[in-house]
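In the part that follows, the structures are each spelled out as structure tokens.
Two complexes are shown next, each including chain A; its partner changes from chain B in the first to chain C in the second.
Up next is the complex of A and B:
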């Protein structure tokens, strides 16, 4: 008899195992994270940017957000306060005091960095975020449940949420103009920039360009391409003539943001072995302690 | 034989007292603000913003709620899996608290997420990399398991006493039969659910700790550590019994019953080692990562960390080592309450205090509306708990055994 029940047990566990395996192959196994060799990026040269904020207008225009007329963006008073991207503006320009060998203020365009190993893609409970082959990190409105874990996870504090909406609030962030790039156009901000502060190209190429600029003008730049290695590399990279921390960039390591949490997560759930073993262990303890109790009572 | 202390019955006591009225007012106040959240959006009621996406509701309603419902799986492990029959009288109250606690955790999530009508999405949209996905799925299954574990209380209440009103009375016999069938089925399979409950709890209690790991440097180093999942699990295990004692003593007081001191003292004697293990890991982690340097600074983080460790772990640990404390209802209550508040504070610290976003201009403090909703939920939970213990066989009266124990234990695990 014990032999039989053991066989039954094995049979049913095999069935459960097959079921689990079956489900996980048919369901969409997590969000996409494709890192193509030719993925695109943008190099932002903050020493070139003049703070005209045309990119802000172009971005709103391309994403059907209320943009106002372009002339109104000439007002430089806006630059007196530091702003962050939100649901009304997916990119903003902030101005800082001048850096080395220059009297001009430093203007920094802020938007999603489109990380190579994005924390938001790893964190999202429903896998609504995706890293695309062309480098863009985008978000699927129809999947999102509005938990805002992406905002807690993002090392650059980029995703914004529509807190004032009772129904269908959206997470908003730069989508690297994925609709435009699909048609072969360049992102709206890049295309409008009058001083070519933004360079659109493959990431590999951009790193080369950035290195070259630093090498040829060592007086003009600090020797650091922000985004080359930060959190495992980002699609958007920056050059500047002062330390990036002084320009409100976060101080980040070179390890991808989701690295630790994913290895913990996969450790706890490695092929469901730990939970299943725990179940078996507890079942064993339960059986032994019950048996011991019964023996005790028989002796009495 | 060990069936002396176990005889759960519906407690005879009036429902409304002045304290209950206060709870009703708090509950209504919370519901008013809750309506504001659903009609005008999260921003209308809370102080949350793009810098602080998570606040009181996630820190207390969800994270602390899950931790403080740990009495359910720790007592199940003790009473059912290790077969310590002498603790059976506290299993049902702990189970009820866990069931209600997790129900309110689910409601808390429902309220906090922006698109509440998509709360079912994780069931079909999977992201195995996400700690939140794991927590979500585990909590969903565990809530179901808790309801199944509670079913025998319902069948026990109604078997042989089914009395439907009016024309439905013709169905009395059939309903009774269904209940008996259910009871029989449950008694044969309950061990599956009991073990599952403990496994699921261990999984999501720890994964709740993984949640903030991904926030990386945005979280204060006093709390940010790769062993957070282990610390969350150990603290949940340590808070299980104190929470049971805390509630049991409040319930006895409020319902005019004699405190179950023999069981509670014994339960209390196990808390010190559990707290000790947690403390050892916490301090070990602090020394390995050399984060004690941050305690030399004087700021919100260092003060909150010190309060959490001193009043939430070290002082109650010392108290539980003393026999005098274990024998006195008052001291036992104080020590247990300290552990409960310590874990509550730890979850608030992890999710709210430690979280320092890079571009915040002012720090977050929960709005009156947020606090109202949280307090309102706690009030409703207590009101429902009171209703159930007055109408269902949950609390055992000491020294009044009338029937063999087997009839009253959770079926299937005599």
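Up next is the complex of A and C:
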């Protein structure tokens, strides 16, 4: 399809769908999926992180996952291999070779970035995902049908799936400790971090702080706040003393992951109109081709 | 008239106070956040809204390590852990080449040492998150060095759990650290740097010459040294000559040298295709240093201003008071006998040139020094 992107195609087909279904795109608009000026975020300063992995323990502990005892996290052999967050560990710390002006290795905590324009929210066909006013991106397990579109859509490959569970497998990812923050607490990882490498605050304030740190310590940091602009901005942002691509961060543009289709898509799927019309269309095509075949055979 | 005079006095006084406290022009570009010193968003000259704690002026209560407290008790976490007994004195001593007192007591006022908690809040959930909270501040001070040299981030290297109180007795620790000092840092004689320079691959650096002959103190160069420069549990053989790869920039690499060796100097002065001999005053200048002069630092004769001023080989160039009246010839290793001590200097040292061999021709025929001596040798 030269000159026409996948996004354009989605846009136009969604518009047609909306027209067919005659559904208002704002039908589901509520307090969710809006960007608040005071939304919270976390600034991860990887030049400060010591790689103690206490955050991994605290996260499991806060989410009722098997965590083991805290002392077992002192084993640094774990850091020899690069790990990804999964359904058993919603956050992991990876270690990389030292960056500029430092003898120390760089430790990078990985978890959901809680995008300002989340692709998972956009991709979820049942609208189970939502962006909350406080910045968190969460999902409703009861609504989830297990299609794993969120996993495919996420630019950071974060949502994980409980593959080994035969019954009711669930999508799992960092939920920004939404239960804790509702109670006025800080997220579990932020709370336990011994060096406060994770700073919890409003995103606006954190961007200011991050810029200030780079300005005042140009020898300590590369001049880049990862997450300030990537995919339209993320709630979690990073500072580092080496290029982010060397720390396994994906190279991303500043355009948000597709977000236009989100409410339209939800509306359509809520009434099952496109599936029905799609099957009708497919049935029609099948009938026509079958008929053609029969005609061809008759001619022979 | 009196009033005007008083007014002038007050103005002078006020400006002098102001000058004393001024953190200097462009201080907004310093490596500290504005919030560290100002409470309001827009501080003005008339209302600078200064906080009590940090000021531009750094620690002036610069104590010697020996004067500092030996043990410091940190006991904010008594519900989970035993108190941490921090061996302050030995750490102060160790920090000598790693940033000194300011390394930890950063942004202190010119008054007494401030508590960490006077700037670092104890709650992680707080309004101003631009500087770390108390827990973060404490751990940042300790953990960077500790993990650097032990490759370990375990809590138990400093904290002992409540149940285990045997090894964490203040008296025991006080005994353990009493008078304990960091061993004297051994100094290398020669370091050879292999460089990528096309003007000469090797730079030979005589470390002991720089400290002993040229009189540099350790902290002239070693300002921000990390413990791992010497201590690294991963290093296998300590005695083996090890190749260390540095990632310094050109400027950083030359920073320490350039402060004395001017930038415009010929690269080949340091860079060479082979390792160089140590500095030899005799070879370089034709005036070998004797036992009196060899231990002097260069500045003693050549002045501290660079490039060093030339000194002639006349003793009186430096030894202003030396004349025939009060010079004790025995300092040269030769004590003059009674006859010769009556003579004036130039009777033997022709034209007062002491670099030349003395001549006996003035009085004696066929005599020459050192075959014949005008006294006895006493040893220098």
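Operating definition for what follows: the second predicted complex is superposed on the first by the 226 of 300 C-alpha atoms of A that agree within 3 Å, B and C clash if a C-alpha of one lies under 4 Å from a C-alpha of the other, contacts with A are read in each partner's own complex, and residues count from 1 in each chain.
The rule is short, and it goes like this: a contact is a pair of C-beta atoms (placed from the backbone, for glycine too) under 8 Å apart; a residue touches a chain by one contact, two chains touch by 3 or more.
Just so it is clear, the model here is predicted, and its values are computed rather than measured.
Chemist: Which of the two partners, first being chain B and second being chain C, lies in contact with A:48: first, second, both, or neither?
Modeler: In the superposition, A:48 touches chain C alone.
Chemist: Touch check for A:100: first (chain B), second (chain C), both, or neither?
Modeler: A:100 sits against chain C, while chain B stays out of touch.
Chemist: Can you tell me whether chain B or chain C touches more residues on chain A?
Modeler: Greater contact footprint in residues on chain A: B.
Chemist: Once chain A of both complexes is superposed, is A:186 in touch with chain B (first), chain C (second), both, or neither?
Modeler: In the superposition, A:186 contacts chain C only.
Chemist: On the A-aligned overlay, A:66 touches which partner chain: chain B = first, chain C = second, or both, or neither?
Modeler: A:66: touches no partner chain.
Chemist: Where does A:84 make contact in the superposed view: on chain B (first), on chain C (second), on both, or on neither?
Modeler: A:84 contacts chain B only, not chain C.
Chemist: Taking the superposition as given, does A:74 touch the first partner, chain B, the second, chain C, both, or neither?
Modeler: second
Chemist: After overlaying the two complexes on chain A, where does the chain B footprint on chain A coincide with the chain C footprint?
Modeler: Shared contact residues on chain A: none.
Chemist: Which bits of chain C are touching chain A when the two form their complex?
Modeler: So the residues of chain C in touch with chain A come to 29-33, 124-125, 129-130, 132-133, 135-137, 139-140, 143-144, 147-148, 151-156, 226, 228, 247.
Chemist: Touching residues of chain A toward chain C in the complex: what are they?
Modeler: Result: residues 48, 50-52, 70-71, 74, 76, 100, 103-104, 184-186, 190-191, 193-197, 199-201, 205-206, 209, 212, 216-217 of chain A touch chain C.
Chemist: Contact residues on chain A for chain B in the complex?
Modeler: 24, 27-31, 82, 84, 86, 119, 121-128, 143-149, 151-153, 155-157, 159-166, 168-169, 248, 250-253, 257-258, 260-262, 264-266, 268-269, 275, 278-279, 282-283, 285-286, 289-290, 292-293, 297
Chemist: Spell out the part of chain B that touches chain A in their complex, as residue ranges.
Modeler: Chain B residues touching chain A: 1, 38-44, 46, 48-51, 53-54, 77, 80-83, 85, 109, 112-116, 118-119, 121-122, 124-134, 136, 191, 194-196, 198-199, 202-203, 206-207, 210-218, 226, 229, 355, 357-359, 413.
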